[in-house]
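Structures are listed in the sections that come next.
You will see chain A twice below: alongside chain B first, and alongside chain C after that.
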Partner chain A sequence: MTRRSLRPLAVGAAVAAPVFVGVGYAAGASIGMWGVGAGDALDPRRFVRVLASPVTLESTLWTLRVAFISTLLSAVVAAALAIALRRADRVGRWGRALAVLPLPIPHLVAAVAALLILGQSGLLARVAFALGAISGPAEMPPLVFDRGGVGMTIALLWKEIPFLFLVAASVLATRGEALEEAARRLGASEWDVLRRVTWPTLWRGLLPASVAVFTFVVGSWEVAVLLAPSDPLALPLLTWERYIDSDLSRRPDAFVLALLGVSIAAVAVVAHELATRRPADTRGTAR
Partner chain B sequence: MRRRVLLVGLAIWSLTPLALLAVVSVAGGWRFPTLLGDDPGLAAWRSLGGGALGHATSTSLALGIGTGVGAAAVGLLAGRALARERGGPRTLGLIFAFLPVATPPLLLGIGLQFTFLRLGLGGTAAGVWLAHLVPAIGYTTLYFVAVFTSWDFGIERAARQLGATRRQTLVRVIAPLLRRPLAEAALLGFLVSWAQVPLTLLVGQGRVRSLTIEVLSLVQAGQDGLAAAGALVLLLPPLLLIALATWGVREAEVVVA
Partner chain C sequence: MLVAAGLAGAGCAPGTGDTALTADALRELPWDSIVEHARDTELVWRMWRGDPAINAWIDGWVTPRLQESFGIRLRVVEGQGPELVNQLVVEREAGAAGGADLLWINGETFRNLRDEGLLQGPWADVLPSARWVDSTSAIVMRDFEEPLDGFESPWGRVQFALIYDESRTPDPPRSVAELGEWIRENPGRFTHDQSFTGMTFLKGLMYAVGGGVERFTGGFREADYHAGRDSLFAWLDAHRDAFWRGGEAYPAGVAELHRLFANGEVDFSMSNNQNEAITKARQGVLPPSARPLLLEEGTIANAHYLGIPFNARNPAGAMVVADFLLTPEAQLEKLRPEVWGDGTVLDLARLPEEIRRRFEALEGDPRALAADSLERYARIEVDAEYHERLAADWRAEIRRVGR
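On to the complex of A and B.
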């Protein structure tokens, strides 16, 4: 391999260097090589202890569940909206503008608004009180800090649907229309076109973006800190709690959890690459 | 009819959170069960002129502008280098460049905090700026890879063959073509910094009070009015971005027409 051909590798590595430094430090600190809580001897067993603990397991499963449900619902709603709003009439134009509106808004703002709407004494509770459905905040079903993660899921849907809608609309505009027209000319009914052309095109196009959304949601701290329950703790919150633990001997646990989070992100990066390539490969095979 | 109902539903879904923030920011106390507030006024907004919220806004603006400029410059060089090559090393290089984007900021902050402390950057605005640059450069690099993948490098070669020096090619050929992508990349970098929470908290150690940190503290302290006003200020640059992007698309349509 020539120096020139290695240049992109070196450039990519330079951009990712802080991640490598961070992961390297976390790896060393997680076994007590350095950092707060480091002892006289290395403790590789900490990895097993932390990863196998019920708290970590419950936290990871809860986080993955909320991320999976949020991503799946976001993708389904985004796809349905992209189909419903594809016409270039006034409803389509206004609908598309409204659908993408939350896209650039910071997640923290979405979480603050969700807290004000869904909280025990939030807007929904006030409307329910005004309508006589409840007599006080205590009667309002908990929608934030709840074990089901309902409030967190709703806030994430508000934030992630616009991104996936944008991708879905773009997929339909660039790849869908010609294929749908071809299917119609070949005698397919509207239902067949939707089932056999539109939907497969959409889900293949949405897959890479959905992987990106899933990864983001798993690592999202600011939404979790305002809306997630304290039992079980979302993985980013558990990592944070261990990192600022007053018991210094528990702080290295945070680095193990950070590495767990990075591993989930790394798996998602590989999945993202594979998902990005699949449509091209499929097209190649078809030819 | 069904599409009109959908439109109304979308309007309620997308606009209610923003409208509520506006109401709470002028409610002057938003105690249960009132819907519009106890003592409406602009007290929360006046605190933006000075005080913690105003100071935090200035800090966020400075960090955002610095991050936008730095990330656009570095992203341009990295993206160009990555886009010019083909094959395995490029794919691996792209995966590497994607890592700062994919790594959750909290985990990045936990891994980097000690290094920043050793360098004397912990709890400083310069340290937070450098930390914000990490994900921002990831985003701008990927952005410029997309720009340069469809870039016609033949224009540069033609300029050189016609006698332009390397500097003249850069200033008179490349720079004018890159003005718009550079501005967009700088905006992207600005927004990445503008919305950061855990990286700022970890590297800034609570001493660098950006607007996001201030809003988080206010909402956790139950200061709904101030938090809502701060949250609305956090909305302004992203909404400006949408306006600029819409304007840019219209301008492009005019050029095409």
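On to the complex of A and C.
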């Protein structure tokens, strides 16, 4: 192997260094090697205790479910929007510009807005009250702090759809058109083009961004803290709760939970790599 | 004189923090000399920055006076209670110079910081203004039953109160039994938050239904804790299906509870500060008819304090600021409802006539709770372990509905 061929690895490692430092620190802190709550002896069994606890399991499953549903819905809606807003005229351009408008809004602001709109005394409830549909806040179905995570999912959709739409629209613009044109010339119907060319192009292009959305949601604290229920507690909230537990001996739990969150993200990325790897993947060495 | 100040200041200028005398060494010097050490320095105060009214008082009243009187440049940074311990442990491991000179602390944070050896001291007993402090008060002189030992200086005293809306609930419950009845008669209209204020409410309830505060004083005892917790959880089990959301969800913090109360989703809020109903109503956060409410079983009163971390760069400045905040003028300003409404830790009887009158005039607000009833219903904070255990057990036994 030449020296030159190792360069990308070194660059990648430099970029990843903070992650390794963080993971290393968390690993040490979670077994009591250092950090707050570290005792006189190492406690590797904390891992088992925390990971085997039903609270951790419920929290993880709830977080995975919300992340999966909000990512899937965002991707589907974003793909549909990208197809619907494909027109090259001025109306299409304006439509696409409007669809990405929520993009610069911080997640925190989106979550506060969701709280003010969806809460049992929020805007929707006030409209329903004015229309005579409900006679008090308690009759409004709970959409925030709800165990189903409906409010949190809605807030996430509002933020993630524009992001995935942006990716989908650029995938279609850069990769889709030539292939579709070729298919049409070969006699494919519009339905066939959509089914066999546009759709596969879109989902392959959207997959990496969807994995990014999924891992972001798994780790998202600011949306969860404003909208998620108190039981089960979303994984980032559980992590934070342990991190500031008034009992110092419970604080290292937070590092086990943080490592769990990182592992979920890592599994998602690896699964994506495996799923999209082509049978004879020689792209790296062909050159 | 300028030269003298310059020379003294040079000894502990920012950047030469390693040479700064620690607070327990400064303690041996005359106060004037400590003030000279503090002159023309920067002081970093790490505190909770979540209340705009408190921030406005610190930034608009305290900061310019410190600059003018002592040449101290006050820089306030965010960081509260439980996070402080983590931060200082990491700073100690990294061998890093301190990120803060002064900390706002109390309760289990004070105990954790002392257990971990993260505070300097003793120093608080030499502050000139310490002579005004109400040294006979168990609420001020003990922090969750821990003696202060000069490791923290008191600067505010508050008492837990429920908050109700006089126009919505003209005849509010006055005892735990009446509160229970009220909750059963008005399902979905009462809850508490999951953080510090909510836990203080639960602890007060534990005193009330678990045999009185006396049962829990004098250090943590497992058997008494178990009995108290079981009585409390039995009370909660009998009422929580009539809580907001059927007791299946709880607001994360007290700010969220205030919002639910202001929006009419629930009929009660609560605060660790008996004056918050009035101050928050003034700010428009709560309705103008919001009032504080004590239950006849009593409510928990506690004090908050200032500590100096082990790695502070400017302990002299920290002592001067802690003293400044204890002066009758600062304590009076802080107490005003349009400023903060934070109770004083001073013994009014020790103050000069003129300033005592000004304190007494403030206590005359007809909406506020009378000083004598506050005193009568005040219950002390017991050992911090009760708080720790109760918070953990409540999360595991009560909050978890998906069991």
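Some observations on this one:
The criterion applied here is as follows: the second predicted complex is superposed on the first by the 248 of 287 C-alpha atoms of A that agree within 3 Å, B and C clash if a C-alpha of one lies under 4 Å from a C-alpha of the other, contacts with A are read in each partner's own complex, and residues count from 1 in each chain.
One rule holds in what follows: a contact is a pair of C-beta atoms (placed from the backbone, for glycine too) under 8 Å apart; a residue touches a chain by one contact, two chains touch by 3 or more.
None of these values were measured; they are calculated from a predicted model.
Legend: residue contacts after superposition of the two complexes on their common chain; A:Pro137 is shown touching both chain B and chain C. Applying the stated contact rule after C-alpha superposition, one finds that A:Ser5 touches chain B and leaves chain C untouched. Looking at the shared chain after the overlay, A:Val225 reaches both chain B and chain C. A simple residue count on chain A separates chain B from chain C, and the partner touching more is B.
In the superposition on chain A, A:Ser121 makes contact with both chain B and chain C.
Using the contact criterion defined above for the overlaid structures, shared-chain residue A:Val55 touches chain C, although it does not reach chain B. Of the two partner chains placed by the overlay, only chain B lies in contact with A:Ala258; chain C stays clear of it.
Look at A:His107: by the touch rule set out above, it reaches chain B but stays clear of chain C.
By the document's definition of touching, of the two partners only chain C reaches A:Asp245; chain B does not. By the document's definition of touching, neither partner reaches A:Gly148: not chain B, not chain C. In the three-chain superposition model, chain A touches both chain B and chain C at residues 34-35, 121, 137, 225-226, 243.
Interface of chain A with chain C (complex): residues 34-36, 54-55, 58, 119-121, 137-138, 142, 145-147, 225-226, 229-232, 241, 243-248, 250-251. Residue ranges of chain B in contact with chain A, taken from their complex: 3-4, 6-7, 10-11, 13-18, 20-21, 24, 30, 32-35, 74, 78, 81-82, 84-85, 87, 89-100, 102-108, 110-112, 114-115, 134, 137-138, 141, 191, 194-195, 197-198, 212, 215-216, 219-220, 224, 227-228, 231, 234-235, 238-239, 241-242. Within the complex, the chain C residues that touch chain A are 81-83, 85-86, 89-90, 93, 108-109, 112, 115-116, 188, 194, 245, 248-252, 260, 263-265, 384, 387-389, 391-392, 395-396, 399-403. Within the complex formed with chain B, the chain A residues making contact are 1, 4-16, 18-19, 21-26, 29, 34-35, 81, 84-85, 91, 94-95, 98-110, 112-117, 121, 123, 125-127, 129-130, 136-137, 158, 212, 215-216, 218-222, 225-226, 236, 239-240, 243, 254-255, 258, 261-262, 265-266, 268-270, 272-273.
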